[in-house]
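So, here's a batch of structures to check.
What follows is subunit A paired twice: with subunit B in the first complex and subunit C in the second.
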Partner chain A sequence: MQVFIIDEDGKKYCVEVEKTTTIADMKTKIYDATGMENAYQYLEHRGKIVLEVHGGTTMDDYKIKACDIFHMSDRMRGG
Partner chain B sequence: MSALCPVCNLTLPLSLIQSHVNSHFEDDEINPQIETDHHLALQLASDDHSSDDPSSSSSASSSNNVASLVQLQTKSQFYSVGHGGLICLLRNCLESELKLKSKPLECSTSLLSGFVDHFQSSKEDKGWGCGWKNIQMQCSHLLSHREEAKRVLFGGSNFVPDIPSLQRWLELAWNKGFDVSGALHFDNRICGSKRWIGTTECAALLRSFGLKARIVDFAPEKSKSMYLSVPGSAIAPKVKSYGPMDRYMVKKGGSGKGKAVDSHSSNSSRISKGAVLMEWVWNYFSDNRLSVSSGVHITNKGPLYFQHEGHSRTIVGVQRRLQGTTFTPQYNLLILDPADFTRAIEIALIEKRGWEGYLKRGAHTLKCPEYQMLYVDNGIADGEELEKLKTIDSHFVEF
Partner chain C sequence: MEPFVVKENIIASASSPMKKRRIDHTESADGSAINASNSSSIGLNNSIGGNDTVMSMAEFGNDNSNNQEIDEDLHSRQLAVYGRETMRKLFASNVLISGMQGLGVEIAKNIILAGVKSVTLHDENVVELWDLSSNFVFTEEDIGKNRALASVHKLQELNNAVAVSTLTGKLTKEQLSDFQVVVFVDISFEKATEIDDYCHSHQPPIAFIKADVRGLFGSLFCDFGPHFTVLDVDGEEPHSGIIASVSNENPGFVSCVDDERLEFEDGNLVVFSEVEGMTELNDGKPRKIKNVKPFSFTLEEDTSSYGQYMKGGIVTQVKQPKVLNFKPLREALKDPGDFLLSDFSKFDRPPLLHLAFQALDRFSSQAGRFPFAGSEEDAQKLVEIAVDINEGLGDARLEDVNSKLLRHLAFGSRAVLNPMAAMFGGIVGQEVVKACSGKFHPIFQFFYFDSVESLPKEPLDASEFRPQNSRYDAQISVFGSTLQKKLEDARVFVVGAGALGCEFLKNLALMGVSCGTQGKLTVTDDDVIEKSNLSRQFLFRDWNIGQAKSTVAATAAAGINSRLNIDALQNRVGPETENVFDDSFWENLTVVVNALDNVTARLYVDSRCVYFQKPLLESGTLGAKCNTQMVIPHLTENYGASRDPPEKQAPMCTVHSFPHNIDHCLTWARSEFEGLLEKTPAEVNAYLSDPVEYMKAMRTAGDAQARDTLGRVVECLEKEKCNSFQDCITWARLRFEDYFANRVKQLCYTFPEDAATSTGAPFWSAPKRFPRPLQFSSTDLSHINFVMAASILRAETFGIPTPEWAKTRAGLAEAVERVIVPDFEPKKDATIVTDEKATTLSTASVDDAAVIDELNAKLVRCRMSLQPEFRMKAIQFEKDDDTNYHMDMIAGLANMRARNYSVPEVDKLKAKFIAGRIIPAIATSTAMATGFVCLEMYKVLDGSHKVEDYRNTFANLALPLFSMAEPVPPKVVKHQDQSWTVWDRWVMRGNPTLRELLDWLKEKGLNAYSISCGSSLLYNSMFSRHKERMNRRVVDLARDVAGVELPAYRRHVDVVVACEDDNDADVDIPLVSVYFA
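Moving on, here comes the complex of A and B:
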């Protein structure tokens, strides 16, 4: 399935993932598409920050579906 | 191990099930109607004061917004610690520790910020409010220690506002042109929202009052190539600094943005990354003085807003132990976490038992790939200096 990444400048990128793809793997795909290193990708999905959990959180764990949009920020935030 | 969600019957790993079930009972946003009503109330309040002249300037409407916000803002409720406050209690504990644990070849020095109130997370802001709580801690110090800050902060109200009021102040800061790119991330709206914030939002808020909030980035050495302003780089601008996270991205023929790099701050091959950050904090509180006598000292420095991905805390001091014959420095950060209960910290400090678990953090705990700090310099900016503060820049320390 395809998901879309929108960066701070409003540029859109398309990334191919599966339900079993981990957040870490997706970040590597985003790096290939955008050049933004994994450590500096802060991804937001439906208003919630997507965090990598040890053991590998997957698309399924975050209920990510085809054509979902991620907002990618290059700023650290927390809650 | 996996478990079944009792609400939607979804099978999830055990580690995720609790937060998943909780998410069924959480609203993503506070009622948007309340938010809209509040904006209308603000509008009406500012209309009352505005002149009949339709050509009145935008700066006039901005000052009307400020005036109405000063009237509408609410004081934050928090547990007030007795015995002179948490910092005073912490000082007592550190002094007692000094007497008890002093070894012949050990020299211990602790440096603390002045008065800071602890603002704990409540049921209402659990899971999203840590940034706001740390802003409140920062402001509690500024209001108690800096006369110039007391005059300008929150319209001179002399109290720390609650989160909804802070959100309105941040929106006002964005409307004034502070951190335009950061504001875009939130579509210029934060009132009533549960979205996470970070150091850049704190900086925008404080800078809008003329306070000189500074951000420091701690990032690994391997990301050196991500920055244009690395010393020795053929294309490095000498003293230019840009947005705190605006990294240079290597692309075909691409140009990027850089930031000021502190080449002297660390030597990663020499000391661990935890020690780099600790040393920076020590230098901040000691004001770069080479020799500080052992003991516990209250400095004139403010606390540090301490951010990593997913959470933020407030550093209120640092402890350094010089150990052995080589006098190797060993550091502990002294940290207030919004996730902890103020009363529990107070009891631990009064009883001088278990307080280390709440407040002390060694270098080994610094496991994140990147950190950010925010501190507030002395003085109030105006004119051209205030205009420059609208662009949030940062200082880069190799980590």
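Moving on, here comes the complex of A and C:
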């Protein structure tokens, strides 16, 4: 199934995952699509930040469905 | 070249027949504006005519728009976001804002700061005590005055280039024709529909915005007309790529150099240039692309019959305007379309709020008032109305009318809360800018937001909401008097008094934070006010330039609320000021609010908040983007737990020998500026101050870098020493020759255009660009400008006055012609660094030490001929002074280099943004960020909220995009039956010995192998001599070994312990505080 990543500048990426894909693996796919390294990916999904936990949480565990949207953004240094 | 001179803004020329109303700064003793009976000589009418009709501004604007120049000092940070074209459109726009409660004044502030042509404030009602919860321009003395009249003076002060006027009577539709944008706050749907119909059908359409804040609920409606053109949908620079190959097939396949990932999207239009071989692509025609991958894409075009690709080529995105067909309010209410979400955990909220606001409007129409706080009867009535409206929607009916949510809306509906006003003020302010300019993508039709999570967790008794005849009554009607007391008694630390700091201080003053007898607000900032701050640091005025940010901001905040107990300091926050911000300071705080502009300080404050277990409310901005992060002890991770991606940097060899874009040229230019004008003079001074010590350090280093540094010092004092201004011109002219002719000739000699690498591939393959040397010409203004700036700055370093003729092109050109330029001879054995991983340009040689000695001998001889007190002046780059030639020099260096490499040049303003590393900043995203944060402040001070009640936010007002998320809980470390997080600290009492500490840890199943205090190692199991320390007190070791100086009041030392468990696995444990008294 496909899920969508929207970055902080509004750019949209499409990433292919399966129900059994782990969060870590999804982040690797997102890295391939966006160039953002896994450690710096802060992904918001339905109001929660997606966390990698030991034991490999999967799409199914997180209730991630086809066409779900993830927002990926950084912190801003200005003020 | 004349130095760039800021032109004064002229609102009206003396010859203009049209009169324009604006506020005179002269006031009589009682504070009211003077009513002058005559116009001033430049056509300004000083009266405030409350009932006067605003004169035709469109015609007036046409007369004067060409006279307006952007004040680029004032608006520099905003120009970095919007660009000049958008700013010009703003300067030509007239805006009406109707409804001057808290939200109206926030919108007005943001628009006036942005720099439109005029803002007209409208309100028919008078100031009430209730308004003082959210309107920062009102004081108790304004109660009873018309709201618009009471607002105009302070709003005009924000930006004298914007004409601020008032209307206090009933608006006629025809008056709306004077404006490009009209904003209505606190207006019924019936009236709004009527007005919007007029605006929608007006030619040209008038952009209509309706906005409301009702307690913790907000709504926004935009109608920019039936055919609104968005010129720039996201504010991003057009993306580009460097072509590696293009296939001859249907469709054509394009691969790009893997220097940088492509940032295109499927469906983008792109234009090609500089393609060799397949020159058909260079026709300038936009082409659609698809199948975009990181380094390739497909053209929607058949390239079979085109010429065969050879090399080169740049592909650049063509940004497309977008046309939006807004519906008028009358239609949109029935058919709202898709809603923009603010919180993706509340998918069902916008349709519900759409219904709820209509129900509230009907309630208000029927009852002639809004529901009362705490009135169950009113709340029930609102629910009934909502159910009734919902029943009438047919298929569009909602399955569930959330009566609990409607009850919250009812109770808070009369209140305008400052955080909501600040947040919506930022959003609406941005929509006004979009409507005026077509810059950024508008909110399409409706936007709804609620923050019911901010409410106290425990149900409140109706008596909590009772008005107390206080300026906080509106806030009390939502949160109750108990939380209000907590706000007033809070002890707050605001770190920074810049843009975020100004907005926070205004918000906190209005909320009553630290305004009680127990409350205290400390603000600190070590910076002083500059002109470029004024466009968004709105507590500052032009007469404050040069003064301390913290003191001016504190005084202004106390002017908003005289009960604010505020203390302004001018200290930086960091390890060096821990005598100021000592333990008792932090321990006595309730909450810390960051208002910083750099990550280093953020990490430091975060570490202090973790140590002292204080909530930290963090926010940051970057142009139209902002984020907030709540750091709550034991509930969330700390700021430092997340890592930010490193800033992209080009490899050193790219910047120094193989640039291919203007950023590389500017990075190089700034580096050369700093080397020539700051570092080398500083090295000269260091040598002259203590030659023996200096040379000792050089010999000790003894490497290529030391050799190069010393070489530059020698050059400065020997061959290139300047004694007259003509010497400086010679130096500058020879710098030009060296940088832009000789070095390039050497590079082309070492790597000819047809050179190959060791693998046989062309050396000059993309992204490398083959350079061409420049031939100096005294008739080329760019060349002369460079030599002028370089000469003047060189003279400055030697303390040589600049003659007036040197600042004229003719005078300088003549002097430059007299410079004798030696012919260039290439070196066969020149070394040019090409390794992308190289971090230094200096290359070692076997005789570095000998060369250093030789250079020293030269220096000794030079010193003999110098005056004993001779010193050079090191020049620090100052990006915001347009008269000091710094940016002229850097822009000159960068653009000449760009010319060498056929890279497009930039103007001085753009060069300043890049070389000056300017952080783009606008008032709207700043105000919005602080609104989000203050909505979280209620949660912190209430004290009962769980982690899932808090919200971190990312927002991009350009798109617009909102992403809200619960904070991430702190990482939990588990060991045996124990667990802990970064928030925990272990305490050991009884003044233990080292052995006792180790035993204490062993009882927890931990084997300590290393104990540190600060940066000193107190114990490591691998060092046998550390066994001698076993019987010594930990505190004595800290004093004697670590050299810790403990303040007299301190009763403990903190140690970091590295442990492993019984399976030899490392275990992270909390900081250990060892108490000795």
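The rule is simple: the second predicted complex is superposed on the first by the 74 of 79 C-alpha atoms of A that agree within 3 Å, B and C clash if a C-alpha of one lies under 4 Å from a C-alpha of the other, contacts with A are read in each partner's own complex, and residues count from 1 in each chain.
Following the convention adopted for this analysis, a contact is a pair of C-beta atoms (placed from the backbone, for glycine too) under 8 Å apart; a residue touches a chain by one contact, two chains touch by 3 or more.
The structure displayed is predicted, hence computed values, not measured ones.
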When the two structures are overlaid on chain A, which partner does A:24 contact: first (subunit B), second (subunit C), both, or neither?
neither
For A:39, using the defined touch cut-off, is the partner it touches subunit B, subunit C, both, or neither? Pick first, second, both or neither.
both
Which holds for A:1: it touches subunit B only (first), subunit C only (second), both, or neither?
neither
Does the superposition put A:73 against subunit B (first), subunit C (second), both, or neither?
both
Quick check for you: in the superposed arrangement, does A:61 touch first (subunit B), second (subunit C), both or neither?
first
Contact residues of subunit A, present in both the subunit B and the subunit C interface
8, 35-37, 39-40, 42, 46-49, 51, 71, 73-79
In the complex of these two chains, what residues of subunit A are touching subunit B?
8, 34-37, 39-40, 42, 46-49, 51, 53, 55, 57, 61, 71, 73-79
Contacting residues of subunit B [partner subunit A, same complex]:
12-13, 15-16, 28-29, 127-131, 181-182, 184-185, 194-201, 220, 223, 226, 244-247, 249-251, 254, 307-312, 369-370, 372
Using the touch definition from the top, list the residues of subunit A that touch subunit C in their complex.
6, 8-12, 32-33, 35-37, 39-40, 42, 44-49, 51, 69, 71, 73-79
Touching residues (chain side subunit C, partner subunit A) in the complex:
233-234, 236, 261, 263, 265, 294, 343-347, 496, 498-501, 594-599, 619-623, 625-627, 629, 642-645, 919-921, 926, 954, 956, 958-959, 961, 963-968
